[in-house]
Amino acid sequence: MRILVVNPNTTASLTETIAASARQAASTGTEIIAVTSAMGPASIEGYYDEAFAVPGLLAAIAEGERNGADAAVIACFDDTGLDAARAMAAIPVIGICEAALSLAAFIAQRFTVVTTLDRSRVPLEWLVQRYGMAARCKVRAADIPVLSLEDPASGAAARLRGEIGLALDQDRAEAIVLGCAGMADMARELQAEFAVPVIDGVSSAVRQAESLVSLGLTTSKRGAYATPLAKPYEGMLKFFAPKGGEA
Amino acid sequence: MRILVVNPNTTASLTETIAASARQAASTGTEIIAVTSAMGPASIEGYYDEAFAVPGLLAAIAEGERNGADAAVIACFDDTGLDAARAMAAIPVIGICEAALSLAAFIAQRFTVVTTLDRSRVPLEWLVQRYGMAARCKVRAADIPVLSLEDPASGAAARLRGEIGLALDQDRAEAIVLGCAGMADMARELQAEFAVPVIDGVSSAVRQAESLVSLGLTTSKRGAYATPLAKPYEGMLKFFAPKGGEA
Amino acid sequence: MRILVVNPNTTASLTETIAASARQAASTGTEIIAVTSAMGPASIEGYYDEAFAVPGLLAAIAEGERNGADAAVIACFDDTGLDAARAMAAIPVIGICEAALSLAAFIAQRFTVVTTLDRSRVPLEWLVQRYGMAARCKVRAADIPVLSLEDPASGAAARLRGEIGLALDQDRAEAIVLGCAGMADMARELQAEFAVPVIDGVSSAVRQAESLVSLGLTTSKRGAYATPLAKPYEGMLKFFAPKGGEA
Amino acid sequence: MRILVVNPNTTASLTETIAASARQAASTGTEIIAVTSAMGPASIEGYYDEAFAVPGLLAAIAEGERNGADAAVIACFDDTGLDAARAMAAIPVIGICEAALSLAAFIAQRFTVVTTLDRSRVPLEWLVQRYGMAARCKVRAADIPVLSLEDPASGAAARLRGEIGLALDQDRAEAIVLGCAGMADMARELQAEFAVPVIDGVSSAVRQAESLVSLGLTTSKRGAYATPLAKPYEGMLKFFAPKGGEA
Amino acid sequence: MRILVVNPNTTASLTETIAASARQAASTGTEIIAVTSAMGPASIEGYYDEAFAVPGLLAAIAEGERNGADAAVIACFDDTGLDAARAMAAIPVIGICEAALSLAAFIAQRFTVVTTLDRSRVPLEWLVQRYGMAARCKVRAADIPVLSLEDPASGAAARLRGEIGLALDQDRAEAIVLGCAGMADMARELQAEFAVPVIDGVSSAVRQAESLVSLGLTTSKRGAYATPLAKPYEGMLKFFAPKGGEA
Amino acid sequence: MRILVVNPNTTASLTETIAASARQAASTGTEIIAVTSAMGPASIEGYYDEAFAVPGLLAAIAEGERNGADAAVIACFDDTGLDAARAMAAIPVIGICEAALSLAAFIAQRFTVVTTLDRSRVPLEWLVQRYGMAARCKVRAADIPVLSLEDPASGAAARLRGEIGLALDQDRAEAIVLGCAGMADMARELQAEFAVPVIDGVSSAVRQAESLVSLGLTTSKRGAYATPLAKPYEGMLKFFAPKGGEA
């Protein structure tokens, strides 16, 4: 089985962290194809960056699907472009936020997402609500830029630990969800340190993608995710114009 | 006052319908600047089209803001790119779905959105939920492609009337919300015909934009809509990279 | 256009503050007719006062409608008697709470209402829930009687500022809604001071009323707001008995 | 123990039906004092009537409390004036809608309220939501005016039976709640006929009132139901002005 | 009337506290039959204990029903086995949590349950949500084992008082619900001490059971509480196998 | 890896269907240990059966854990005893309802559970609500006893197909979830037949259990699922008494 993991941030070093986590999570026999989006923001921090990450992300998923990927993972915690990707692709597509929350819900009744900057907090609260977890899950921001996670001198890890401590104390969290793909490599260490489950979205999503593929399940094309209708697109995005599908 | 109205569908004839409705709704002294997005889908029908409409839409809003617009209206009923636009712009930005629902809520306790294709129904149901109207508002699709609204021979108007009839009977709707910018010119006629309020989003949004401007209100830059942080963007969308703002 | 603004508190000095805010918000060509209710409580503080403000309020709206008003605004933040007024009148009726929340929702994702006494907090929380904003909006009371807002020596302004500070810190509010008609004159000053949007309900409601009138929209008489049926009323309120309408 | 039962409709014959149901429900040793409101609408059908029923209702409760009632029941299914009555009175006050729903919830997981006119349906849906039963309880109207329940020739009983049948079939209701005080005498007969529990609000409220009194429980005066503050009232309602209480 | 009160904790001394509260609450003419479950945990603290309390509880209710009880009360605040008991029995069955919340809702708009150990907090939060009170009711744990309530030297009463104080301060509770059957004897004293209503579930449930019986209401056998179908059970629980009922 | 799959129905033939589905779903290297509960009902149909299935289920999980299972699956669609099992076991425990819903949510926005008897519909609706899917997922019953699924002459398969057809038509379901472990072998065939995703809970739960184990995640022992406290149990269930754990 081949799982495509797309980093919609255009920073290749971040893709390495993501790929390592994905490979560690994958089953024997699963090939992880990790790609960095070729167009869009260096890091996704808030709604504006998110919007511009989508075309590059969709291009990467379309290419991956043409090259034989069995499923795709979107490796950014705001589940960037997830609905569009599902409408476009025949293969299943998984977001790392939805994947992490789904596993957290199996092992804890109350949990907290700790993300990077405050501007991402409210967007994640909406995701939590949409995924039906609002009564169980809070969201906190540790005030750390995404790319600072790659810089040991940034103090990001310390701030993340501080916020996890607050989640346990004030939210009475029973588990912690790491709210950024760039934190993927820290889950096991933090789990040992805080003695509660710590869930990383990248590895969660790889496993969920494997599960769908192995069970023969893929996105329903009835209703919200119907194949895009053929029509012209204008301007520099014109080559994204869909070629077909049914009304 | 200058209100920019952006049609994120790249079909200019549709912009004319929108502009006419906007101008009819505007106060004396308000200038409507109606523009057609230069890149993206000819019509927005579902999640995939929506994603590719956003860059062109944001380019149009950014240009409008540079040219002195006091507020912007996004003239597509799925409120395409609304969050990103709010984060980007200093001027207020209004979506036609949120505007129509806000006025409907002042004049009816139960109402129904009638939109075009079934693939847009679920995305609109999510908007209705996010805007806090799920207990009051249902969504129906009349099974009419967006651009068929421009073709008298398409039968679109008859199907729309049929679906309004079902909304009144089965949903016990007290008012009808027209769920597509391309229906903007039909509101007054349908209101007279069905003897219930019929609300068009384009005119609603123009009025809401005027209200914000005249009251000196604009998007809060604290929290979810903080100005995008300066950072590099890769690929053909690189000129969209934000130049600054605070963390 | 003529907009009737009724102060359901029977304190005329409060009406002056309200009228000034209404006139400042109104468009050129809109006439504001501000009236003080002739019967009921000097100030509305809690459920009991609210109940006795309704007959005087409805009398004022009925008279205003007979005299040619195109729309009515109820200038008390608990949206006193709003449903009854809508059922009674043919013209649209707007409450200042619903109007303020509707504008706040266009410019912020999280906001806080700061009201007067604690006894009004829970009633406003129910309004917030009914208007679909419970996930986005908190309510705080600054512990200031309504009429103390008119007395510079009362310390009310200082307490209001203190509570706004707590809303920004603890609720992470992105905007503030002033939860009393008597605060209408403070919005712009507080907005400048706290550097976040500060929304006043009176001016918001005047604009929303103008929008409905100019778009030819009024209360649906199908369903919840059907015209009251003719029937006898007993006792001193007998002249309020409805003369007609359909079942 | 003395339970005051106020009919806020000013139709005395309706009070007799209510009183009979209340007396049948009361425990040995409980005295039912049934009174007809002296001012307001002959029947409460929709928001407008409801507003004008409140002063007479509150006058009746205040008088009953002065005369030694231990609790009060408001015998109209829209729980007319309930919040104001609780703020005013030291004795507990119960609405017949809330009482009926509370008992229904002990014996069925899904149930339907069958009320009179369609204009009362949406107001009752809001009550159902406020009382936390929206996931369990639907509301239907049988299209029968309140006072037609007193006229055997009106066909009201047949229409009520028809609507109960629809509730069982289409809503899969496990129990029926009679949504009007004027139906109080029909509960046992309908229960036998349809072989599901049929709950009447008047008798439910009498029992709930007895329970509170016997357990020494009464309305909290902390928060939303704080005693009204002393202040002047203007106009013909001036004698309702509260004499005291704490801020 | 005979009300069976089952203590599903197998600690007889706790049954005495429960029985005393039940008898004090009962009407003249009501006989309280208080029984201690013969099998299961000494005290119910969390989900695991709860599961093993159910067979003994159901055995006790079945025996009570055979012996002529008119209704049954389950005297444990997590409403242990309530749904199974309702499906099994022809007589009405009431849980003390649901009963306490139903009375609290008549006298306060915001209230807090104070329970024993933290492991019971989340299960009670789910009950509060299921009973439709999540917007009105918070849950706190005082960190006191159930049986410590019987030991004056344990400090349990002091911790309970401390947590009630926090509920009043931080939750702005208007009333307190005691979240354990073992606290039944403390309600009146705490009510006097804190000057807000304090509600005990045991006495609440006795009254609610009396109300149902006296009104001729019992569990609907249509839908969720249909009589269990006849079928074989294996192992040591085989004598619990149902003998009949309809599909 | 060893996954224990417990059939809490005491019908061994049903376990064979479940085991086959589990084995088909399992990864290479995963051993499925399928066991039939030794005590309790032959089939679980409604709340009463469910209660008596729990002790046998927990005994089977405890034994499986002692024998080295890495995770456990509860193979009954009402997620029988799930909370108790999680509190008891150190290994992760997955219910087939929660597992099926979690996968359905990745591939469809609207879906319908089709279960067996109507008495199971409401219990499943509560699960759907608890799992946060109430806005997306409906529940239908095909009116087929659990064990009739094993009898080709029963007509159960035809009724199931009929109900799936209604779900697609009336609920506009985009995917179908099979609401009984006994339907596990029909998923692929029905998926091909109806051309929408059809999700079986048994295979879903096996995959989710594998995912948790492979990622080093297990039930949090902080809060709701804290290890049961040591205490005596009475009667024939006494050997289930917990030996230890922390408060």
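Quick notes on this structure:
Letters A, B, C, D, E and F mark the chains in the order given here, with residues in each chain numbered from 1 onward.
The rule is simple: a contact is a pair of C-beta atoms (placed from the backbone, for glycine too) under 8 Å apart; a residue touches a chain by one contact, two chains touch by 3 or more.
For clarity, every value in this text was computed on a predicted model and none was experimentally measured.
The minimum number of touch steps separating subunit A from subunit F is 1. Using the contact threshold fixed earlier, the set of chains in contact with both subunit C and subunit E is A, D. The chains in contact with subunit C and with subunit F alike are A, B, D, E.
Bringing subunit A onto subunit E by least-squares fit of CA atoms involves turning it by 120°, to the nearest 5.
Averaged C-alpha coordinates put the centre of subunit E at 28 Å from the centre of subunit F.
Centre-to-centre separation of subunit B and subunit F, using mean CA positions: 44 Å.
Multi-chain contact residues, meaning those touching two or more other chains, occur in subunit A at positions 86, 109-110, 118, 121-122, 134-135, 172, 223-225.
Contact topology of the protein chains: irregular, matching none of line, ring, star or complete.
Pairs of chains that satisfy the touch definition comprise A-B, A-C, A-E, A-F, B-C, B-D, B-F, C-D, C-E, D-E, D-F, E-F. The touching residues of subunit C, when paired with subunit D in their complex, are 10, 37-43, 45-52, 54-56, 58, 81, 83-84, 86-88, 117-119, 121-123, 126, 130, 143, 145, 223-226, 228-229, 231-238, 240-242, 247.
Every residue of subunit A that touches subunit F in the complex is listed here, in rising order: 25, 27-29, 86, 92, 94, 98, 102-103, 105-110, 131-136, 168, 172-175, 188, 191, 195-197, 199-200, 203-204, 207-208, 210-212, 214-220, 222-225. Listed in rising order, the residues of subunit A touching subunit C in the complex are 118, 121-122, 129, 134. Taken together, the subunit F residues at the contact with subunit B in this complex read 109-110, 135, 172.
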